[in-house]
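Written out below as structure tokens is the structure these notes cover.
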Amino acid sequence: MKMIYSLFLFALLSSISHAFVNDFCVANLNAPDGPSGYECKPPNTVTVDDFVFSGFVAGNTSGIFNAAITPAFVTQLPGVNGLGLSVARLDLAKGGFVPLHSHTASSEILIMVKGEITAGFITPAAAYQKTLKPGDIMVFPQGLLHFQVNSGKGKATAYLAFSNPSPGAQLLDLLLFGNNLPSQLIAQTTLLDYAQVKKLKTRFGGRG
Amino acid sequence: MKMIYSLFLFALLSSISHAFVNDFCVANLNAPDGPSGYECKPPNTVTVDDFVFSGFVAGNTSGIFNAAITPAFVTQLPGVNGLGLSVARLDLAKGGFVPLHSHTASSEILIMVKGEITAGFITPAAAYQKTLKPGDIMVFPQGLLHFQVNSGKGKATAYLAFSNPSPGAQLLDLLLFGNNLPSQLIAQTTLLDYAQVKKLKTRFGGRG
Amino acid sequence: MKMIYSLFLFALLSSISHAFVNDFCVANLNAPDGPSGYECKPPNTVTVDDFVFSGFVAGNTSGIFNAAITPAFVTQLPGVNGLGLSVARLDLAKGGFVPLHSHTASSEILIMVKGEITAGFITPAAAYQKTLKPGDIMVFPQGLLHFQVNSGKGKATAYLAFSNPSPGAQLLDLLLFGNNLPSQLIAQTTLLDYAQVKKLKTRFGGRG
Amino acid sequence: MKMIYSLFLFALLSSISHAFVNDFCVANLNAPDGPSGYECKPPNTVTVDDFVFSGFVAGNTSGIFNAAITPAFVTQLPGVNGLGLSVARLDLAKGGFVPLHSHTASSEILIMVKGEITAGFITPAAAYQKTLKPGDIMVFPQGLLHFQVNSGKGKATAYLAFSNPSPGAQLLDLLLFGNNLPSQLIAQTTLLDYAQVKKLKTRFGGRG
Amino acid sequence: MKMIYSLFLFALLSSISHAFVNDFCVANLNAPDGPSGYECKPPNTVTVDDFVFSGFVAGNTSGIFNAAITPAFVTQLPGVNGLGLSVARLDLAKGGFVPLHSHTASSEILIMVKGEITAGFITPAAAYQKTLKPGDIMVFPQGLLHFQVNSGKGKATAYLAFSNPSPGAQLLDLLLFGNNLPSQLIAQTTLLDYAQVKKLKTRFGGRG
Amino acid sequence: MKMIYSLFLFALLSSISHAFVNDFCVANLNAPDGPSGYECKPPNTVTVDDFVFSGFVAGNTSGIFNAAITPAFVTQLPGVNGLGLSVARLDLAKGGFVPLHSHTASSEILIMVKGEITAGFITPAAAYQKTLKPGDIMVFPQGLLHFQVNSGKGKATAYLAFSNPSPGAQLLDLLLFGNNLPSQLIAQTTLLDYAQVKKLKTRFGGRG
């Protein structure tokens, strides 16, 4: 009986084998990407490890902001290619924070795991801010400038979900002060004092 | 006069030649695919036969389910690449049926051609079922489990339209009983009896 | 035992009841539509008949073109709302044809059922034409001008699938000669002779 | 000086006030939804609490599956409307599991928080399974049947991210055995034994 | 003859009248909007003026930045609803500029009309800057911070095209210094000096 | 201090370097395109000139229609790849015009710069026409047939914005009379007189 079914299935599978194409599209990270993501790896080379990432642990928070972000984007987790979804882990030491930043084409949800974080986002019409504890989550709509500050007495941990497999990160200070545009131009188009711009350019590695 | 126009047209066409790019994007089936489909064949290699499929005839219904599906998906009809559309032909011998299945990213419309088919789909809230005859059509919304049973006294034929050039086919039995996951795990996560799982694994070629 | 399960299920269903929202979105044809389609009918008012259309039969081909199109678009089949899919039936009496037309935001696949149809579409770079018989299908990519002519000796029937629940129909003659724009303007912007425009305006009901 | 700026800003804001419309679109849950989500609440009625959900805590796992899902979908978190993103919390008591299920229009990423979960998904070509511990994440591509089983010695907790603000949940047993379709039809289209269907219909509340 | 055609057309139009629905979807600005835009006005109330905007003229550049933006977004031009497109006019007096800003869900192309503008955008990896004169255009990809400065000796004028009918405008200074978040929080999450924040809050109307 | 920051930033940038991928996707015009556009150029080979086009000047209007279109589509401006946006410049000598045409997958906004243009578009239900002067703009919804005629006493110039980086151009006369389909077929499916078709085929270079 099994043989008969197998033959049947072989025929059935042959006739619909094209159908397997779009069940998933694991990124071939060695090939070029395009507007909708990376090329698909040949399905027969895909393994469960393309869908699993095992380094989703606390990063090193000993840096300047006392913050660490551990991404699980398409580079770490090629199975998310084309799926409009990725995640990251955020660790904040005491006093740590993520400065103002945005994601060009991604919304974000923050899930509080430990400690206390004061988070917010800003629109031209209003600012929305909340102090979050475990059991709280908060959404930051696409493209809006937002921040996360450890407002508790110890470490804080949160998980972040994104609506893009490569959400990017537009860190405002890095944009403003890490580039080589003339400081005078930055001062003019931000209305910041020239001295302020020069000072932060020194800290963020920008020239000009 | 014609020469003048031709010159004019040549100039016009040169200036807008890029514009031809997106009139269509016939799949280059020899190149890798990506999240939005296959690479486009060079337009000058495209012929009318990329847009025509001539094997849209009754398949062999002598198999286990007495059913045959003849697809015209991107593999058979490369002109549908990127267009969000494909079709298939369904033939059911007397007593034939398509077991419960779904399409991961495609809706489906069934057009009755001949005979009588009882079809339905199931949501967590309700089941929607109808006996269809020529003159009837029925839509199965994206991702929902559905079936088609020949409920008439002879052969039945229907045409199927899909909102995806590669709609795939998640045949429930093949998913549940054609894999190599432990039977105990299948039994647990389906709540089916272990003996039932073992029995069908034998029929559908699964191990474990 | 059943009661226990039912209680469990009731709780489970309550907790995920929002989830039912998007299983489908049957059009409320009495409400306004928007860029992505019609509002959803309340799910508890939906019946199987929202997903079934029973008038998919041959239309009257005694008109001018000896052609009849029987649509199953969102108006006839509200279950396709938001699904990017619809179908229609095409009947051509001997000598009948569908004049050149396009669909603003829909591709089309033609499935030959009976007789013989010569069909084609035109791009600025080339025309693609084929004579089709039962067993043949042909795709017309989005937005391109196309035609279908009964080239056989008797009636012809085909089914059409569209990648839009409301594919519209831009019948070229109706656009050019059914409007009230000045005939002189039509003649200028089509390069047709003025007399030709006036003649066809008379036939297609246009004024000016 | 401030007044001057304020006047300037008032003028600027007036001229671009329409621009505020699309910074976000918080769901008006009292209005009908459509294919792309709910109507937007008037921006001046939106508060930070539309973007925060504070009930993201462990659910009651004393039910049949010893599993609890706490959703933060558009119903609980109206700020995710139109953003293609939502999250949920999964708690599994010892021995608990989420039976096979799928989401019609959503991918899913599972973030392990505590304990051990064996998770997997199935395609027609292969099954992908992994035992996950804290530090691991796993993605389940859109529309594929998947399961999560507590394979550890104590409780397990995970967070789930979805690429849809209303991901739904197609629990296989509920689909197969919670409906009122005839048991004979279910048996035929699943190839399960009739007795098996009857047994599970009793447990899942289905009639027929 | 005309009558016959008219009858035919009447029948044809009746049968495909639903098709008119999606030829366009002019915004009903008095109805609520949703994630994909505004409800459509009833087609029979639409006039050519829904597709035309006649106030696309130089704005008043006597304000603080010596800049004026004249938008033609969905509010001014309801015919763009759902079309993914809008435009604006930019006038810069001598010395005028548009400070750093972004659009949450829109790319932008600037067409130089008169004078000289130095424009640029910034990514975390690099800044891209160019001095533009009539005959030049420049694209600013979605979500990226960009600026436009009149670098010429007289007035400058440019037209802007957007890939969103409501592109919004996230003016950085307004975001940072026009809100009521505590100055200390702004200073912390921007790394700006507290005194700098206070100074600009005074100018931009923010409190805290 | 700077070194410390630089180290920090280096680490931060390394951890999120994948994020740069999607800030933009400049077309690699030497690689094949796909349904969503061209492959991305490696970011480190991108320069500001990929985002700037400097040939946006008046074209030669001495041709047949006394019209010139200067496109800035993905071929001229590879930075628009994947962004859903492009522009063109339209120059009309006295008496010049753009004959009826459509864009298969793009809406269009016309910005009047100089002179007077009478423009319009046609749907099956109505024609919408307006005489435009500087200060006026007009939108032509996707897929609809439209025209632009210089109705003034001198030259006319306009800028065009498109919702597609490769909007194409379906010039009606070129479609109807530039192909090699039999004139009899064109006459039949347009209802034009055979002599009219032959006459225009001669002018537009079509054979048959």
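We call the chains A, B, C, D, E and F, going by the order they appear; numbering starts again at 1 in every chain.
What we mean here is this: a contact is a pair of C-beta atoms (placed from the backbone, for glycine too) under 8 Å apart; a residue touches a chain by one contact, two chains touch by 3 or more.
This structure is a prediction, so every number in the text was calculated from the model and none was measured.
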Other chains in touch with both chain A and chain B: D, F
Most remote chain, CA-based centroid, reference being chain D: F
Equivalent of A-B within the choices C-F, A-D or D-E, defined by over half of its residue contact pairs recurring: D-E
Centre-of-Cα separation between chain D and chain B, whole angstrom: 27
Separation of chain A from chain F, taking each centre as the mean of its C-alpha atoms, in whole Å: 35
Overlap residues in chain C, where contacts from two or more other chains coincide: 16, 19-20, 23, 34-36, 104-105, 120, 123-124, 129, 141-144, 168-169, 171, 174, 178, 203
Which pairs of chains touch, using the document's own definition: A-B, A-D, A-E, A-F, B-C, B-D, B-F, C-D, C-E, C-F, D-E, E-F
Residue ranges of chain A in contact with chain B within the complex: 1-2, 4-6, 8-9, 11-12, 15-23, 25, 28, 31, 34-40, 42, 81-82
Residue ranges of chain C touching chain E (in the complex, touch as defined): 32-36, 59-60, 63-65, 69-71, 73-76, 104-105, 164, 166-169, 171, 174, 178, 202-205
Chain D-touching residues of chain A, taken from the complex the two chains share: 13, 16, 19-20, 23-24, 43, 47-49, 51-57, 72, 77, 79-80, 83-87, 107-109, 111-113, 120-121, 123-125, 128-130, 132, 135-142, 144, 159, 161-163
Residue numbers on chain C that touch chain F, as the complex places them: 97-100, 102-105, 118, 120, 122-124, 126-127, 129, 141-145, 147, 149, 168-176, 178-181, 185, 188-193, 196, 199-200, 203
